[in-house]
Amino acid sequence: MIPALETRDLSKHFGALYVTQDVSLRLEPGARHALIGPNGAGKTTLINLISGALSANRGSVLLGGDDITAQSQAGRVKRGLARTFQINQLFRDLTVVENVTMPILERSGIGRNIWRRASTFSHVLDEAMALLSQLHLHGDALTPVRELPYGRQRLVEIAITLGLKPSVLLLDEPAAGVPSAESHIILDVIAALPEDIAILIIEHDMEIVFQFAKSISVLVAGNVLVEGTPEEIAENQEVRAVYLGVEADG
Amino acid sequence: MKIHKLLLGVTALFGLMAGQAMAETVKIGVVLPYSGGAAQFGEQIDRGMNLFISQNKDAFGGNEIELIKRDSKRPGGDIAKNAVQELITREKVNLLTGFVFSPNAMASAPLATQGKVPMVIMNAGTAWIPSLSPYIARVSFTMWHAGYPMGEYAHNKLGCKTAAIGFTDYPPGKDSRNAFTTGFEKAGGKVLEAIPMGGPREVPDFTPFFQRVKNAKPDCFYIFVPAGNHSVAVVKTYASLGMGDDGIKLIGPGDITQDTKLQDMPKEAEGMITVHHYSADYDTPRNKAFVKAWKDAYGADTTPDFMGVAGYDGMAAIAHAITAQSGKVTAEGTMKALSGWTYDSPRGKIMIDPETRDIIHDSNVHKVVSKDGRMMIEVIDTIPQVKDPCKANKIGKCK
Amino acid sequence: MEQFAKAAISILFDGVAYAMLLFIISVGLSITMGLMGFANLAHGAFAMLGGYVMVSLMLKAGVPFLLALVLAAIIVALISVPFERYLYRRLYKAGELDQVLLSIGLVFMATATITFFFGPSTVSISVPEFLKGQVNLGFGIFPAYRTFTIAVGLVMIVALWYGFERTITGAKIRAAVDNRRMAQSIGIDVDRLFVITFAFGSGLAALGGGLAIEILGMSPTFALTYLVFFLIVVAVGGLGSIRGAFVAALVLGIIDTAGKYLWPDGGAFFIYAVTIGILLIKPEGLFGKA
Amino acid sequence: MTDTPSDSGFTPDARLYFRAREGWRWAEALPWIVAIAAFFVFPDYMALGTQILIAIIFALSLDLILGYAGIVTLGHAAYFGAGAYATGMLSAHLGWGEPISAMLFGGLVGAALGFLSGWVLLRYHGLTLLMLTLATAILLMEGANAAEYWTGGFDGLVGISIWPLFNHFEYDLWGHTYYWYALAVLFCCFLVARRIVHSSFGRSLVGIKGNVNRMHAIGTPVHGKLVKIYTISAGMAGIAGGLFAESNAYVTLDVMSFARSGTVLIMLVLGGTGRLYGAFLGTVVYLVLEDELAKLSPEFWEFGIGLLLVVVVLFMRGGMLGALDDLVAWARGKGKP
């Protein structure tokens, strides 16, 4: 089976500082893969390398079997790779529905249309509203994003990515900054994502990770320390020492 | 958009005397720089005009005059042109005057023709301006009035065999360069180089340009910069490079030894030779009375310079034109009245050349001297009644 | 050959003198922009203010030249404090557009105010006897005032280097330029640092303005006329870098002088072409943070 | 304006909302009515009126890039000037004076220049972009100064002679013909601008302005889109410049000056960016105030405009139109306290 996403020996350094070293990952279609590791392990850098926000010094990224290493960020998105951000990257002054129409416009190429009025593309609006219903955001459709509570803003962040209809989704700490009482809402949404999307999730909240992921990679100092099922990871002595132990103490 | 006519200056109202019942109100549009770095020129000319009006209340033939002033700001052309257009269409002025910068006069010239409004130019000195419209007369000077005789004088009397020229890169600068070059080379001298030294808007650091001239070692260094802030910097740079010690004589038109700037100059200014048509230091009764009236009106620390005189003389010309037409001012009538008009100006005898509508006046050779701790102009020679040499010799655009 | 050497020396000398002036005025702008991220287009207004304070001191109060120069710097530094506290501080987090507009507004107000009190013409001062004329430096005869300007520039470089590399306040400023949040978290009073730096930068600008009277002349349009040059020095040198400002001022001062000397018809062409070239290749400036 | 957010149940109709935003409002007729009425009320002010209309077109072009795409530039006069020189030289050197085609030629040259410079410059942002736009415009001005044979250098380009509009309406001293001409051009430019900002492309520009990181992440060709709108904007600025050259029959280096770039920015910000009508209000207020106040005292005017800028930046973030919105919202009792 052709993996949905694969990285081969991906490396990135800033001067002498290696932030990513020979990372090889493999996500099958529909995978639920978690990337964990202590702070500064290079998790977000890896996401940036995969999504094309940063260019790698060495190694390659494959999407559905095609080498996309040379592709721009935009090119990768067009091929079905989408990401969320650890810190919200939203159009704060725009309404929720407008936020969600942006990716749909770009995906469909309508965003190039310079003459026809945006509102006349009614299928775009319908799709956006459907997406909002799916995430229970439709009641807030006409509210400017900046007026939403943070937890709901995180949902918009996810909704925007879903508007791209990705085959591979990179979630960078989707529950970051959300009060723990509300994090289940995020988790519910993630759990309900279409099964054919391959998902790579970075998360600190181990509860979410173990509930959600079917496989886990542990990243330490830019290297993949170990990879396996949640059970294997939970029992791995090395991981417990390096990572989980630290986490438990902290 | 409230229509209002704000009169900054004096609206001269003259008592209706018996026998002068036919009084008209003549509207005069004044276009001068009232703001920015050039505001000092606007002020000089403004004061000159007002001094004439307050001294000669009966010179207007009993007609009322109303001055409508507009700020031309920069020498860009467009602002002045809009001001003129608005003066003609909105204020319906009978006469236009002012114009410090040549581009402003040039841009406005077509409007004078189109609107049939006469234009009396009080400064702008590019030679060919009057040929842009039949309704332009000039009471100030052309760059050739000073540059051409300066060229001859530099070779024949100052003994300069070679010369370098530094000029500010805009129409009067190039005009002055041409005037000096023509006069100097006709007399047998050789111009080593002519260096454009930046635009008129800001005072540049002159050092690199002067350094180049210093290394070229000409006998004379002819400079044209716009009157005002540039000239002090010129003399300071000349002094700080010690060019006088190298035997390089600093000469130029009188714009660079403007009366209002003389006291700011270092002692190296002494001995500078310029050719010009006016200085407040002229030792004639007419001028002494003029300078005294000026100081009485505007303060002892003020001095009229050639711009102030042009404002004064220009208003005299306008008064003459108004009186000659009994207040019914037309473009043709004004030009007819001004043609051959003569006047006893503080600068000496002046006349409007009937052929060219340009000024005829004496060009005097000035020397900067120091007297009682004060820089002064001394007239050391006079070339009487100079007709604009550019038009007289039909050079370039002056046909 | 001798002619060539003579030309080269005079270009270098005048270029360096001009560069020192640019450096003294611009370095404060560079530090404040690097530290506070504020595009302060009114920096030239403080230089202008310095020039006018100096003129007033010398002509109205009879203060001698050197003392007036120092006093002008101190007075303007003090004047600048309320501006930082009550105006600039409100916009540290705003976009550069707001900062540009606010500071341009201040430039307009400063120009109008100066025109109102001092008139539109250039003002000038008379420098002391020892700064007039020429001096022999052993390897050539040079204008005294420019030699003085270069000397002041070099003294400022050394003082700045010492101040930034060898004092606690300097270390704090460097830390804050590098990473403001980090500096704040280790207990540096960033607010106070801002005031000090801003006042210091404005004072330096005033010093430069005072020096510039004799070379560039001083008129109410000074702030706007030379603004572009100051900005160029800062952008080319890199925000917050003293070394960058110094090198950029040198490069631009010498290139501008050489351009005028060798190719007067080209006008100001060179300096802008070089600026664009450098910024295209190094958008953060020569010594800016990447 | 918005309904109270609710978690479920009521779903607002996004389509109605969008249509309402894109649709014409009655208030939008106001500026045009004012412009037409001005002709009959102040027939003597039409020379000024024409200059105001031209400045509005120029400010409108800036709003497209600043207000919608968030590009801050200090060199927009480069394109205005390029258009002015193109139109002027077409007449002065090649003897072509048909006003509409000459003006469009100015727009074309502006757009071409905008495309070329935008392609390079729009890879940069922040202060670097600010300096690059500024330096490019000055460089262009120096170039125009050096190319004296073509541009007339500092003397200005003389000898522009424009034929009557439609071979029938002659240029008149009162500026009547050109007032209508400029108003018609402004209306066309406005329609185009309005269409663009309400298009899908326009929405994605707003997205770029709002959050460029996110736009990259959803696969937007950001640079391409910025170059596109920059080119359009430069073209519109070029049209304004062409109109300027035709109405003045004279072009000087001033058309490209830093002062002109700065002034148009100030006008737009005074009116309010990102709302098209800000260009109208800001320009009219600025130029009328200038026309009236500068007559009182130029310093007074300069100080006043400086103070106004400071006040707008500190207290009226959306310019005058933004303040008006706030006022309306406040009056309806919905505004923030």
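A, B, C and D label the chains in the order they appear, each numbered from 1.
FYI, a contact is a pair of C-beta atoms (placed from the backbone, for glycine too) under 8 Å apart; a residue touches a chain by one contact, two chains touch by 3 or more.
This is a predicted model, so every value here is computed, not measured.
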- Query: Which chain lies the greatest distance away from chain B when centres are computed from Cα atoms alone?
  - Reply: A
- Tell me which of B-D and A-D has more C-beta pairs in contact. A-D
- Hey, which chain is the most central one here, using CA centres? D
- Taking each chain's centre as the mean position of its Cα atoms, how many Å separate chain A from chain D? 40
- Message: Using Cα averages as centroids, what's the distance between chain A and chain B in whole Å?
- Response: 74
- Query: Could you state the distance in Å from the CA-based centre of chain B to that of chain C?
  - Reply: 37
- Give the residues of chain D that touch two or more other chains, as numbers and ranges in rising order. 145, 299, 302
- Note on the structure: Residues of chain C that touch two or more other chains sit at 115, 265, 267-268
- Among all the chains shown, which pairs meet the touch rule set out at the top? A-D, B-C, B-D, C-D
- Could you pull out which chain D residues touch chain A in their complex? 2-3, 5-12, 14-15, 17-19, 21-22, 195-196, 198-204, 206-207, 210-211, 213-222, 225, 228
- Write out the stretch or stretches of chain B touching chain D in their complex. 1-4, 6, 8, 34-36, 39, 69-71, 73-74, 76-78, 81-82, 85-86, 88-90, 102-103, 106-107, 110-111, 114-115, 169-171, 199-200
- Please name which positions on chain A make contact with chain D in the complex. 51, 53, 73-78, 82-83, 85, 89-95, 97-98, 101-103, 105-107, 110-119, 121-122, 124-125, 128-129, 133, 136, 138-144, 147-148, 160-161, 163-164
- Item | List of chain D residues in touch with chain B within their complex | 38, 42, 44-48, 51, 145, 153-156, 158, 173-175, 244, 248-250, 252-255, 257, 288, 292, 294-296, 298-299, 301-302
- Query: Tell me, which parts of chain C touch chain D in their complex?
  - Reply: 33, 39, 87, 90-91, 94-98, 100-102, 104-113, 115-116, 228, 231-232, 235, 239, 265-269, 272-273, 275-276, 279-280, 283-284
